[in-house]
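Worksheet for the structure shown next.
Should a chain be cited, it is by its letter among A, B, C and D, assigned in written order, with residues numbered from 1 in that chain.
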């Protein structure tokens, strides 16, 4: 394993300490592992909290700031945070208007956030949960844990964050978040697996000419293994899988996210975006907004995900609203 | 089971998962995200420390403390599942010692909690596949008047058999379910760690004589 | 080689086409490979142009926009642009106030930009050149091609860009750029080499427990090979090499850039930044501004560079000035 | 050398660098950035095409066109260097044909240009280490009345020797100079491509009889 690392055990703390040093406008509680805005909860505004296993940076810590999250609670690498952390984040984010939890749909995340929501509720904080489950590579049936939450998490956090700034009520912010999730679908392909400090070697071994299709963001293998093919063919399959599951509705354009998983150069992501744009153009789907870069990563995994979110004028307006976080910034 | 034995059990589990940390993480890497060993090691190390510092008034307090520590240290799926199970079990053991029948009922309450929280059925390729037969064997042995060591021995063997039997199954819960067909051919890490936990109980009880 | 690629020959064009699709506020001339602002040169403002080999994205194309470059000319991967490209970029950037060329100090870049400057001069455009040579891993003597231009390029482009917006003259913008370069030093370490589409395999082979110290951004090997060590030791050597060469002067604080080379997760970059901040703190050097992320990359190389720029109040103010480009954005 | 031979030379270089593209890039990967083969292939393929379409009035026009094409297609260090060299050489050959002495002077003018632009001395481990001995050998042969084929043959051999001799040197110019001591032990890619260019001239002249 080659990483800039002091030791596997201190990895998360060391990285968070560096994050804290780099972002003086955020407050990082290294003990409890909670990242909040230095100025505290915004009076009257609904709070927005998210968290999950680490290793997906900038998600979630990098999305704390104006127009997006009020607090994030990073768990160990690929391990959901514990309820205590979530509760601490909720407390910090609550100004009395209640808190929306954005939770990616993984068994561990759901259980830990549920426990936390119960505890926070006992403390008198009104809590709503938005579950993100956008990954079409996973069959959503009673025979699975349901779809994973991946790229759409960014969209939910951005758009719900803007709704909270707009002054929406607790229920309305949660509702917008759920709308974004319901309108979003993602699909990911890996060229290599990422390596966790704990494991010290890649989550799966992939021959030099093979790719994993339908991977998640935790180093788990995908739905199937394939020979490497030209990008245009791989991307066509990704877009196909997404649109088969949900084609944009009438009056909808799409927000398109081409997301790097950590080890893929930006130029390749743009190349992938070019294919996405071409394919959508051929089908008459209009892209109203796009984002290309590393946002929801899986350590050093080479690969990318494509997320399409059917968006009406309101969602686009909320998407465009100013945001200022370490990982996403525009309009301010 | 008395307070000391409960404490020794938690210590024994901590020793076992530290030793087999890599095995558990490797099993998890094959069909999950490779952190199960690290998760349990972090959790049980903290739990062993916590119960060592504790002055418990009952057997149950040891288990509740262990469960609470797991919930607040582990995260992931296994943290709340094992944590809540031990909390539920502990709440049933209010005395300074418990006979095998009481322990059986407590273990069954823990299993109930895992099934309630996780929604897994036997055959879904989860810890339930080791936990359920272990409870059954323990209860059966206790029912026919077996001592703790003997009941725990039966439970450990049943859990180990149950864990091995998860290998051919297709996962329907947890991360491994994302793999569909590809989850077949690997033992479930949580089932294997459940077997370790029961094996640690059997060993501890046997040593206590 | 595993990349999202249609073919090695179309890699650059395909990536630029995707870039164009993703950034409608920029104009991309795929034929001549010039990226400009869609609205054209800004009347009265000194133009700022940069370019160089591709494979370092977001540098330079991703830095075209408000507050930074007016035009960029990307060459083939790791190959400087040809003079025709540079001239086309200069033409597009000139509003009559002249154009500053930001050139990284590589033999090829220098010669091609020099030829272009001559040609542009013949066309009547006033041109000044700022040469960037910040890499202390290279001995600057008559026995080398001189120091390479690496991370400081971002700082020169940002700060000179802000000076141009402020209304500085051609000579003044160039002068600010030269000041930034003179005050900046960088040092890079690679954990793995990047792979160009042309070569199809890594620029150098590195055993699983070794790193290259003092690498550039073109896949060339570094000054020496070392065993992998804890991050704190590696970073200490990097910071040491930089400060030995140039310690911040009186009244100077530093702008610190921890830059990923393409394949290193953001969390590791923050970990490195934490070490940099600690080391500088121990020496009483104040960091006034910082930036952590992938800015000047080398395809999928795992590794990072550290750049420190001694900055007085004026440089910090120009650094803080609003910028809105695909790769760097704040204040607007 | 007449117009047809000049054109054939350019074509022969294009064929040679296409064939040895990988070799040149591998040499460059060892001490540079691995693009020398791709660079020259892109440049000479375009040059061969450009001179094929050309109706030149002089030998020099072929070389000037080749140089101009290299400058506008190659980039990197080798583009301006080879391009300017050929432009400088071409400007000296204004007739429909050129005798070996004129060609020698033109080649020397090209070398001058490379040294002026790049500032490299012999021994700096660059193309100059092949180009300089080639010009010397060519000039010497032309001076004693040798035909073009013979002079070119002498130049090619000298260039090849010069390229080989770069192997132990430490680079002092170009990218390889960043490596310091570590640049030793590898042939310079530009010196090797220079030898190819002279070898192509020798072969073309020999074939033309």
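Here is the rule we use: contacts are C-beta pairs under 8 Å (C-beta built on N, C-alpha and C of every residue); 3 or more make two chains touch, one makes a residue touch a chain.
To keep track of the chains, here are their UniProt names: A, C = Dihydroxyacetone kinase subunit DhaK; B, D = Dihydroxyacetone kinase subunit L.
Computed from a predicted model, the values in this text were never measured in an experiment.
Subunit A and subunit D have centres, each the mean of its CA atoms, that are 54 Å apart. Centres computed as Cα averages put subunit C at a distance of 32 Å from subunit D. Inter-chain spacing, taken between the CA centroids of subunit B and subunit D, is 75 Å. For subunit A, residues touching at least two other chains: there are none. Residue positions of subunit D with contacts to 2 or more other chains are absent. If you draw each protein chain as a dot and join the dots that touch, you get a simple line with two loose ends.
Chain pairs that touch one another, listed by label: A-B, A-C, C-D. On subunit B, the positions that touch subunit A within their shared complex are 25, 29, 31-35, 37-39, 42, 71-81, 117-118, 172-180, 182. Every residue of subunit C that touches subunit A in the complex is listed here, in rising order: 2-7, 11-12, 14-22, 54-55, 57-58, 62, 191-192, 194, 208-209, 211, 228, 230-232, 234-235, 262-275, 277-278, 290, 292, 294, 297, 299-300, 302, 304, 324, 329-332. Contact residues of subunit A toward subunit B in the complex are 53, 75-84, 106-108, 111-112, 115, 137-139, 143-145, 148, 196, 198-199, 203-204, 216, 218-221, 223-224.
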